[in-house]
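There are structures below to look over.
Look at the two complexes coming up: subunit A is in both, with subunit B in one and subunit C in the other.
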Partner chain A sequence: MSSAETTPNSEAKPGKLLTFRTSAWLGWMIESNWTDPFIFAIYSIIRPISTAAILIVMYLVIRGGDFGSADFVNLYIGNAFFILVGAAIQGVSFGILDDREHYRTLKYIYIAPVRVPVYLFGRSVASILVACFSVLITLGFGIIFLKMPIALAEVKWGLFAAAFVLGMAVMICLGLMLGSWTLIIKNNAWSLGESLGAGLLIFSGAVFPLSVLPVPLQWVGSALPISYWLTLIRRALVPGIGRAYPMYTNLSDQQLILILLGFTLVYAALAALIYKRFDFIARERGNIDMVSNY
Partner chain B sequence: MFAVETEALGRIYKVKKTRKEAAHTLVALDNVNLSVNQGELFGLLGPNGAGKTTLIKVLTTLLAPSSGFAHVNGLDVARQPEEIRRQINMVSGGETSGYGLLTVRENLWMFTQFYGIPSRQANARIMELLKIVGLEDRANTKSSNLSTGLRQKMNIVRGFMTDPTVLFLDEPTLGLDVGAARDVRRFVRQWVDDDPTRTLLLTTHYMVEAEEMCDRVAIINQGKILACDTPQNLKQSLRSEGVYSLQVSALDEKDFEELKGIAGFRQGTLRQVESGAELELVLSDDSVLAGLLGFLTAKGSRITTLHKREASLEDVFISLVGKSMKDVENGAAD
Partner chain C sequence: MALQTKVTRNSGARLFLQSVIGRSYPRVIGTQRDLSWLFFDIFLPFLTMVGYVYIYRALKAPEEYIGFVVLGSAMTAYWINILWSMSSQLYWEKETGNLALYVMSPTPLMAILFGMASGGLFSTTIRALVILVVGNLLFQVSYTITSFWALFLVFVLTMVALYGMGMMLSSLFLLFNREAWHSANLLQAPVMLFSGFYFPVSAFNFWVAAAASIVPLTLGMDAIRQLVFPSTALLGFLSVKLELIILAILSVLFLAAAFLTLRRMERLAIKHGKITDRLD
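Showing the complex of A and B:
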């Protein structure tokens, strides 16, 4: 054995884009590599349809059908887009757990000259893309088989794009907050994302309007950007039906966008602060390369 | 400027209360003062639980110090972790880290990207290093299909391929077979010798590793640096004394404690073996042997072999700690 002649690399520093691209590639490899591409494609189609089917059966039992009603359309769209909430939040935060506990690589990522939040964001892209595909499949199933009144010509595309981008940004920030917390906890870290997802489902107006909740819980819902995001998505996709949904009826689309923008900025600042603080605590406690075996 | 420098460095772990034990603190590093020169291959020698890995974690910015200071290339580990990370890398031995679903080449390429190395240069470097560690025919094998030893080799390549100015190796040969460990040692030594701006700090509990490879060695136990010098100078410190290996027909712990009272006895260890007992003794000079022989005879113990030998780093450790490294490990949790 002899030493390799290598170019000294004493001031290595990748750009954020390279970090993002590489971690997105890693995320995709992890997301898709558990099976062969054919089975992965089938799974990606069957999973959202199965979720939609559960909703349909529940609605059928409770309301006796009528899939063209405004209530069901709003419920269906809220439920379809809620897939993205879990994917974005868990996608970002799960990278910490997966690398630390499963692959045991977090310490090596950590000592590399990368911005860990950028790495985590890149790592989540694959799960977000797969979730986007699930949303499309769910909506397509609704349009074709349930005759849902979503007409592409009537969709407010500008509003949809703005709401979608802001919503994804705010959820990624939430994911970073959750990931930061994950950095310092040993027990039950695996269930954090699921617990948060379940909480958000209740308080975000995804399956029922906030007005059915007791007033203090309505305040909780109004403090969550996802409530505004889902309202905007409904109003953009099915303008007439979405406007009739009993949430924030006194607010215009523009006002809702501004509120969502405000939330995004606040959550981004909070996520940066929380990451910095928890990163400090993790280094103080020696949590970065901890293996909890939970 | 030193490549690595610590000043009164301390690290305390707070252990939370459990059902079995009360809350307490654990001193992992205690007032550690070290200076490693640029271009040096520096070894930290100590038993498991001595504080070696904790020191590496502090220096690689994974763990914050509880007190004191630590600098890498003049940068403060507590205040300038991002600047330090551009200049260092680390490999931990005896673990199976890595993305098992990626091939060896993919695993390594991914990390080169995190260090901003252009793909073409990275791929060439990866193949060159894989060839050196004898893994080139496994480049396209998923790392989950590699044995622990081969995964360890992959991780060694990961550490070297970014060509850091300061490289930390934590027990790099743990889990490797004898031949592979020898190859890695030779490669590590060559890597440092090839470029005077490279510095390497390795931890080990293998005496031979520290003795063969390192320019200087610090002996660490219970978080304290007990001695720091070249392996030769450390051994020289015992030159005025005599180091003896004895095999006797029988000797129990109680008698051994009594033996320690003989004038001129410095340090020693006792190990029970099938044929009797083995003693490793450091005595002030040869004249102490007379008293020792008298003592053993009085105890009814017969000497099977008596051998005076050159001092080793193990003897240095025994003279400093009063126990062999193995005895310390058996009595100390990591």
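Showing the complex of A and C:
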């Protein structure tokens, strides 16, 4: 760690790591300190379980209670991990909106000697941490109460770790792309992250295979990294059942990892370009210290 | 002087009505002046609906269930409006400094809430209608309305009870301060689950469905489904007649509760001097 990162009074610009760490800590405080830990835990449990339960009941009324079937397990895991997509997308846009509209501190972040994209990355990490908690709870609920056949001994941990890290990286890039747009939106921006996240559910193959969609929509799904990521996660968590899911069956795990890596690089470049563009427009229009009161 | 505008000072019922119109005005006119809602409030929720439709398609569900999703998605607009533009509204007004102005003005706060409700109901109905029409066109949902008047009555009573509930919650949420946002967020998904937005509420056991009926949308949607999808009437939770009676009772209860909680909140806020607090 450089001295600039360890000495608070140093006149040097703080390093990226310090900016990231501080903004992640700030994000976590904002996410969690509005209530006591007990209520926060309940809050973190109820929301993901309710969303998963909607799917459980939909499955139940149509197919009955066969929760060990490959169809249900794939649907359930896809839905559980899709929580992270929404969190990554929402994290950045909420960070911008919170700082600009609510706390009115975005302008101070801009004039402080920090790199704003790194700060935004940090803010989104807090949201992803809370989402990770939700994913664990959702999976735990499935294993304990629905007797879903997820055995820790059978999990391909190496594949899972690689897929998870790449997936999160690409999701944060996606979040930065959409979040950058928030810099110039005045109205309805609060719902942008959540709505777009929910909209992406269609193209992700999270709760149904892409083959169910009309062909043009399948192309959209294939142009997004989420479907590849979720396929890898399924194959890592429940190898037998995950392989049976009718998506990318002709691709090996290694090929899927390479595709995800390619997406990560492309999305990182795109996120940098898009952020730069929207950042310029926002500065030009004077949107950085705008309070829309919307 | 020619430039002076004559100011009429209303009071009583006229002031009440004037306040209702005044507070509903931005919600009605806003839909025409800023069309970004077409994208954020219709297109994006529409994608969510499409997602649920394809889940049923993947599960090879009967076509009526596609209709349930389209109907449920249209009704979602009302629930979202209740949570974010009714329940949380007084809290936002406090944050932006408007609440103190409302309290200082001679208008009753109840008129402000009625204005919020009527304006929100108008704009949300447009959103719900667009979602319903486009969803029907896209997924070829067919309805058979067994009684138009019963359907109309169910809808009206559901909305009166629901917006009454929203008015009551707006006072309660005001006491939550910073928890208001999280409370609205917390209520969103569980109510969509237990009120059966995407499946018949009879999928739950009787007591769960009965408890869920405290949210007027539960019985409202159940009755509407029975009236427009007669082939699935057996999936109904209670008879339409009984649901109408319960909705009428809920309407009265929620409006009365809204009046009482608002009065109590106003007293508390004035007593503790917290109306103008902006609690970050």
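As a convention for this text, the second predicted complex is superposed on the first by the 282 of 294 C-alpha atoms of A that agree within 3 Å, B and C clash if a C-alpha of one lies under 4 Å from a C-alpha of the other, contacts with A are read in each partner's own complex, and residues count from 1 in each chain.
Keep this in mind: a contact is a pair of C-beta atoms (placed from the backbone, for glycine too) under 8 Å apart; a residue touches a chain by one contact, two chains touch by 3 or more.
Please read all numbers here as calculations on a predicted model, not as lab measurements.
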Which superposed partner A:Trp25 touches (first subunit B, second subunit C, both, neither): first
Partner chain in contact with A:Thr51 - subunit B first, subunit C second, else both or neither: second
Which of subunit B and subunit C A:Asp289 touches, first, second, both or neither: first
Contacts of A:Val165 with subunit B and subunit C, given as first, second, both or neither: neither
Which of subunit B and subunit C A:Tyr103 touches, first, second, both or neither: both
Which superposed partner A:Leu213 touches (first subunit B, second subunit C, both, neither): second
Which superposed partner A:Leu258 touches (first subunit B, second subunit C, both, neither): neither
First (subunit B), second (subunit C), both or neither touched by A:Ile62: second
First, second, both or neither for A:Ala41, with subunit B first and subunit C second: neither
Subunit B/subunit C common contact set on subunit A: 34, 103
Complex contact set, residues of subunit B against subunit A: 13-14, 57, 60-64, 82, 85-90, 92, 95-102, 106, 110-111, 113-117, 121, 125, 128-129, 132-133, 158, 160-165, 183-184, 186-187, 190-191, 193-195, 197
Residue numbers on subunit C that touch subunit A, as the complex places them: 34, 36-37, 39-41, 44-45, 47-48, 50-52, 54-61, 65, 95-96, 178-179, 182, 185-186, 188-190, 192-193, 197-200, 203-204, 280
Of subunit A, residues touching subunit C in the complex: 34-35, 43, 46-47, 50-51, 53-55, 57-63, 71, 75, 102-103, 185, 187-188, 191-192, 195-196, 198-199, 201-202, 207-209, 212-213, 293
Residues of subunit A defined as touching subunit B within the complex: 1-15, 18-19, 21-22, 25-26, 29-30, 33-34, 103-105, 107-114, 119, 280, 283-286, 288-289
